[in-house]
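Two complexes come next, and they have one chain in common, chain A, joined by chain B in the first and chain C in the second.
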Partner chain A sequence: MLTLLLLIVPLIAGLFLLLNKSKSNFTPVVYIGIAVQLAIFVYAFINFKSNPSLLNFDKAWLPDFAIRFHLGLDGLSILMVGLSVVLVSLILLAVKGLKYENMSHLLGLIFLTQAALIGVFSAKDIFLFYFFFELALVPVYLIANFWGGENSSKITFKMLIYTVFGSLFMLVSFIFLYMRGQSSDIDSLRVTVTLLPNAIKQVLFWGLLLAFAIKMPVFPFHTWLPDAYSQSPTPATMLLSGLLSKMGVYGLIRILLPFAPDGINNYGGIVITLAIIGLIYGSIIAIKQSEIKRLIAYSSFAHMGLMAATVLTLSVSGMQGAIFQMVAHGFNAVGLFYIAKLIFEKTGSRNLAQLGGMTQTAPKLSIMFMIVLLGSIGLPLTNGFIGEFLMLKSVFDFNTILGVIAGLSVIFGAVYMLRFFQKTMFGPLSESATEISDIGSKELAILIPIAIVVIVTGVFPNLILNVSGTFVNTLTNLVR
Partner chain B sequence: MTFIALIPLFPLIGFLINGLGYGKISKTAVPWIGTGASLLSFVCVLLAYLNFKETAIIVNLFDWISIAGLNVGFSFQLDQLSIIMLFVITGVGTLIHLYSAGYMSHDEGYGKFFAYLNLFLFSMILLVLGGNYLMMFIGWEGVGLCSYLLIGFWNKNTDYANAARKAFIMNRIGDVGFLIGIFLILQNFGTLEYLEVFEKAKAFHVGDGIIVAITMALFVGAMGKSAQIPLFTWLPDAMAGPTPVSALIHAATMVTSGIYMIVRSNVLYTLSPFTLEFIAWIGLATALLGATIGLFQNDIKKVLAYSTVSQLGYMFLGLGVMAYSSGLFHVITHAFFKALLFLGAGSVIHAMSDDQDIRNMGGLWSKIKITAITFLVGTIAISGIPPFSGFFSKDEILAHVFEHNKIMWALGMLGSFMTAFYMFRLFFVTFKGSFRGTEEQKHHLHESPKSMTTPLIVLAVLSAIGGFIGFPEVFHLPHRLNEFLSPIFENSRLVNSSFGVVHISHNLELILMGASVLVAVISILFAYMVFGNGKNVPVADSEVVGLKKLVYNKYYIDELYNKVFVGPISAISFFFANVIDKKLIDKIVNSVGEGVNFSSKKIKELQVGVTGSYILFMTLGILLLVLYQFGPSLLSTFNLLQNK
Partner chain C sequence: MYPIIVFSVSGLLMLFLGLSVNKKSLLPYNLLFMLVGLASNFLDWNAPGLYFNGMLEISNPIILVQWVLIFAAILVSGISSRQFDDTHAYPAEYYAIMQFALVGALIMVSFQNLLMLFVGLEILSVGLYVLTGSDKRNLRGNEAAIKYFLMGSFATGIFLFGVAMFYGATGSFDISSGNSVANNLLEGKMFFWLGMVFIFIGLLFKISAAPFHFWTADVYQGAPTVFSAFMATIVKTAVIFALFRLAAYSFNLEYENWSKFLVIIIGLSMVIGNVTAVFQTNFKRVLAFSSISQAGFMLLSLIGLGAQSYGNLGFYSLSYALATISAFGVFLVISSNTIVEGRPSENINVFDGLFSRNPDLAIILLISMLSLAGIPLTSGFWSKFFVLNDAAAKGYFWILILGVLMSAVSLYYYFNPIRASFKKTDLGKIEISSLSKYTLYVCAALTILFGIAPNILRSLF
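And then the complex of A and B:
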């Protein structure tokens, strides 16, 4: 029941804001929406272990077809729902402080995205999953279309078509499974899958993989990403990099692993190799990017590649690492894009060649940037390290050479992030921006919580690892 | 003994206070907080030492990373090795904090500087106090970060910011090796806790491939952090940082992390003679390379930087011949005399109104007496003149090397010769003769304040007598350091019977000692003949020619790295972004999209109502059906006919 509430609250808030005509009095709705969401989530989290039935919701949806509106939270879901709740709240507050037209509608669409994300992360029925998986992109597409530049709508349309194309294969696979198993329940379909003929199992693997591979994205399905991330307005970029990309990794764990373990045993190595290629490829490209959003975009792509690879190693450390990194990368990516936006608002430029010396004028911004950067390059005692360590270990255990190659990303990550930092923050003050001010409490209200998450989850990673532990152990025992 | 957690805690608190209170805390309070945190930490080390009894103490604060099959504790291990390192870090650290109070007092980022210094101490303490390899890695990368922040302390200057970035990245290259070492340890031992790993290591045979791989991977980490060939070029550039930073991080503590790591893992290295031989040669080569470059440098800090590279090489040379405690001995004495020399250089730079070029100095002996005398003590100590500290530790290393390989020993002596020469060249050119700087500089020449000279005096005393913790055997005096450290090498003795066996007779020991003193004295005399009168000054950069130019320009290794690594990676980056991504992959994606568009147009044409095309398609369809039905049989008939 609580899960349904978590889904409904942003839906109501979103619809209200979208239908809202007046310009000024929507602020309370945003705050109340965020507060209620957070309160429900905290309550759900406390009861997660002791009273799991409180989190379950199961009603007939299309009774004639035995498709159910079934939501529930296990160790993986609750982390991802938590990430959606907290991170979207931060995004809402961040966007509210920036300068955009039609703020009420923009925030409404962000709320709707949140509702869809919570749907994806808690659906226990394949069609319900598919429904939310597709739905999540719609509000983001609308944001990019109406708040982005001229190019933006064309580029996001490409992304939309591309991912819908991938999802179609997933839909076909789902329909097939449904017809075979006479059920659309994720848990009960696992049994159905084991009875399939071998050839079909292999086809199923590729059908399901494609949707998630495009969504994350995994090399070579990534070419929509650099344009989409850099041309979209910041709210859309934050949602895409922080949360929507995680739907892909989540899909791998939730759907692909239990439904196509045989396919992974056969072809996992190919996909892992591709993902590692993407990791290095993306990192190397990021080294020479001079447009800061593009730089973060490629870095984001590289990080996603590692997550994809490690999930498919079917090891505890790979999966725990990927789950941890989903949370960590969510915060870090949103933090970085927000900082990029602040830099742009203060200087009017996103080009590294035109920036510099901002520590002198905006020391607070530079400190916050440094903390998020350290998380992003995985310095020990920050959130980035835990995921990276566990993930690299799993790749190394899977294949020594791939592990060493993946390890190189640790160097490249430092190269492009420190270049980014140096060219914006260090050096002489750039001429174009002699009178810029530091960030104030409004911005710090977003960045300090992110900085706290970066450090606290890095020092006490078990806060997260313990939540997903049981889930991961069960799943790995099941698929290995 | 849980209170040993206070050792890193004090600097952390100091960092938080000075960091969060930056700009709000008064300028008089800042150094008290920073230095106080360091001093309290030192006191805790002292208490820990006094309460310590032979066996290692493990304190597990909490479980850090726990997943099924892997549990890494946030744990500390206090034993003989960590105590020695902690004394050096907090002791020399406190002196350098004190010195900074004076040296940095005119800097606007005073509070920030102390915050960073404290953060460095915190990381460095974690590095040596951690109870497992991942804890060491926290410190390992943590000190790298602080080094980055402090080298780039004056980051308005792009060159300085570049130097900081270079240091971090070269260290990271090493760190990947370290990480791989950790993964290998996990794979083969299932744990990262030192005591468990070393216990299990005893089951391996000398020369086992796994151990070779682990030790080599870890050594890559040491090459980065301790500036060994090929990852040494960041250290001279790191002199961009304020001088106390050079003394603390880039001479006394951080750069010796690699030596600590190997001594800590001594049982693993003892199991792998191959790695040891490799380390010895790398160390020797680095010692000679650093020394040759040091011969011609004219920046006072650069001379000391290359000297550090060279001395670190000696330490690794010692480790490579299994003289672990001698390597550590040199870490200690080097911390004293090199910190002293850097701080002395800082005092000179301070007097020279921030000029670092020795060609502009000269005749400073009478102007800044305390600095000059203490600097001379440091110079004698590093040159290896008894009874100063450097003599004992270096001689011990070279004695072990002699036993291992005579050629290595001879080359090591050559390095000794150069060391004494470049150090006394530096001393004579700086302090003898007459002043060559501007009138303004001359007017401004002054001795540094007490907060700066006090650490100089303390370090000078330590440099002079610090070697007495380890007398050579021949004198029949106690080697307290070896006695204290002995339990650390228990496992090494068990796994390899050749460990710790000395064949050198006392007579030979005396001869070797005499030889190394003689070499140093000749070298000093030589330096005196060339530079002693203070009139012979190194020439201007443009007049350096020939082989000397090659060495003066550091063998063009930076340029080589730029050509071989930086350039190609940039090119590849452009190629990936603009060719592979845009012209290849995205083209394919778009053409799939266009293909769909195109075929839908074509399919539309099928239904435009033109009878002719309908008939055409119908005929084609019938033809295909016929071929499908009868094709195979027609083909086989045809084949049959042909065969006939």
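And then the complex of A and C:
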């Protein structure tokens, strides 16, 4: 029941904001929406271990087809739902402080995205999952289209076609599974899967993988990403990189692993290699970028590649690392894109060559930037380190050479991120930047929570690892 | 059964009303008659049986489909508001013919005898031939009417030929008599098979399935937009259910034979419809080709032919009607506001900047396009899902994959108007009559409602 509430609150808030005609008067709705959600989530989190039935919602959706509207939270889901609740709240507050037209509608669409995300992360029925998986794209598409720049229509359209194309194959696979199992429940379908003929299991693997590989994206399906991330308006970019890409990793863990373990045993190596290629490729391109949003986009792509690779190693440490990194990367990516937007608002430039010396006029911004950046690089005692370490370990266990190559990404990551920092913050003050003001309390209200998360989860990783531990152990025992 | 009587009478009344009542109050009369027809349909609820000497069958599922047809006709009438205001239009005749055509459609979904099917098909088609050419000053309309009439009569001829063969083989026009030849020898069955193929071809022509689709784009483009909408929804629904009745009652024992042939037609319709639509710049042609591909999807239910297929098809028909009528309705309003060379522009660029010109219309257009493309939250997703399930149930996975691929292609042309509507523009606001506005609201709201809670509609069947 609580899960349903979590889904309905942003839905109502979003619809209200979208139908709201007046230019002002929507602020209370945003705050109330955020506060109510956070309260429900905290209550759900407290009851998570002791009273799991409280989180369950199961009702017939299409009785003729035995499709149920079944929401529930387990160790993985609750983390991802929590990430959606907290991160989207931060995004909402961040966007509210920025300058956009039709603010009410923009915030409404962000709320709707959040509702769809919570649906994806808590669905227990394959068709419900698919329903939300596709749905999440629509509001983001509209945001990118309407608030984006000149080219955004073309670029977001490319993204849309790409991702819908992928998920349609997932739909075919789901219909197939449903026909075989006469059920659409994720848990009960696991049994069906084991009874399938071997050849079909392999096809199923590719059908399901395609959807998630495009969504994350994994090399070589990433061509929509750099343009989409850099040309979209910041709200859309934050949603895409912080949360929508996580749907891909979540799908790998929730759907692909239990449904196609044989396929992973056969072809996992290929996909892991591709993902590692993407990791290195993305990192190298990021080093050469001069446009800051593109730089973060490629870094994001690289990180997603590593997550995909480690999930497919089927090891406990890999899975735990990927889950941890999903949360960590969500916060870091949103933080970085927000900082990039702040830099752009203050200087009017996104080009590294035209930026510089911002520490002199904006020290608070540069401190916050530094913290988020260190998390992104993976410095010990920040959240990035825990995830990267666990993930690299699992890849190393899987294949030493791949592990070594993947390890290079940490160095590359430091190179492009520190270069990013140096070119924007240090050096002589660029001419356009003479009148830069520092960030105020409004911006700090977004960045400080992110910085706290970066450090606290870095020092106490068990806050997250303990939540997902049971789930990961059960799953790995099941699929290995 | 009652709506057939109601509309036969009200169509005549409508003609006389045209003499005495002023033009603008004809639409309310038309809507009133249709609502009476809709209500009268429920008199037969829970009273299944055969009527007119076993010529028509009435049962709850049939009543529901008739309800879909009448409801779609009401919506089409709704978007026709203000369209027939000029001096060259004769709304009384148009509405009367629409009601007569509706009679044909109602007969086609409830026939028990192949002759009734023929009568229904002709009543429906003759009305449409006239409506297609109703804008006499439009050269394209004249061309379309002639084309539709010639090719349509030809198809009817083929259909009738098939019926004759059927009669020759079985000795009866009753639809269930097809089963009597099941145990005949091969020689005896030849006529039956020939008849079956001809009947199928005749009806597939009307539903504009490839390769019998060549008339579609020209006719949709030439016909006045309101009647294109009528053609796309009511005709399609009536014919697909006629096909379904034949497949389920007359030819079900020959399933192995015709399903292979039908699956190829489905594949062709999907590929030709979707791929050709990509290259169209005229929005009515886009919808015409989209209707070809949607016909392909609808036919998947015939392949399924299971216990749920009838309901799947009913859901599909209504959902498709809602989306198509709202697409045509939005287009109608904008197009009549954009006059190019003395005629309403039909190019896809009429949608440019729609969002700033009239946000409500842009959102309705968005919902309708998403529904046609089959994106979740709209009923279009479920309708595609249901029919794909039908095909999967019989193991036709390759058609499933083809359908899905073609859905991805269809995104391109369904999203073109959406993308256009978000462009910046300095054109003025668009005004819309309140009746068509509320009709479009109803379409959009139902599309979303059935998208979230499909069981509301699905459980009826």
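Everything that follows uses one rule, which is that the second predicted complex is superposed on the first by the 480 of 480 C-alpha atoms of A that agree within 3 Å, B and C clash if a C-alpha of one lies under 4 Å from a C-alpha of the other, contacts with A are read in each partner's own complex, and residues count from 1 in each chain.
Please note the rule applied: a contact is a pair of C-beta atoms (placed from the backbone, for glycine too) under 8 Å apart; a residue touches a chain by one contact, two chains touch by 3 or more.
Just so it is clear, the structure is predicted and the values come from calculations on it, not from any experiment.
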Partner chain in contact with A:160 - chain B first, chain C second, else both or neither: second
Contacts of A:348 with chain B and chain C, given as first, second, both or neither: neither
Which partner, chain B or chain C, touches more chain A residues: B
First, second, both or neither for A:466, with chain B first and chain C second: first
Touched partner set for A:440, first chain B, second chain C, both or neither: neither
Which of chain B and chain C A:149 touches, first, second, both or neither: neither
Touched partner set for A:408, first chain B, second chain C, both or neither: first
Touching partner for A:223 - first (chain B), second (chain C), both, neither: first
Chain A positions touched by chain B in one structure and by chain C in the second: 161
In the complex, chain B residues that touch chain A: 62-70, 134, 137-138, 141-142, 145, 148, 152, 155-158, 161-162, 165, 168-169, 172-173, 175-176, 179-180, 183, 186-187, 569-570, 572-574, 576-577, 580-582, 585-586, 589, 593
Chain B-touching residues of chain A, taken from the complex the two chains share: 158, 161-162, 220, 222-224, 226, 281, 284-285, 287-289, 316-317, 320, 357, 359-360, 374, 379-381, 386, 389-390, 392-393, 396-397, 403-404, 407-408, 410-411, 414-415, 418-419, 422, 425-428, 460-462, 465-466, 469, 472-473, 476
Footprint of chain C on chain A - complex, ascending: 60-65, 127, 130-132, 134-135, 138, 142, 145-146, 153, 157, 160-161, 164-165, 168-169, 171-172, 175-176, 178-179
Chain A-facing residues of chain C, complex: 308, 311, 355, 366, 370, 375-377, 381, 385, 388-389, 392-393, 397, 400-401, 404-405, 407-408, 411-412, 415, 418-419, 422-423, 453-455, 458-459
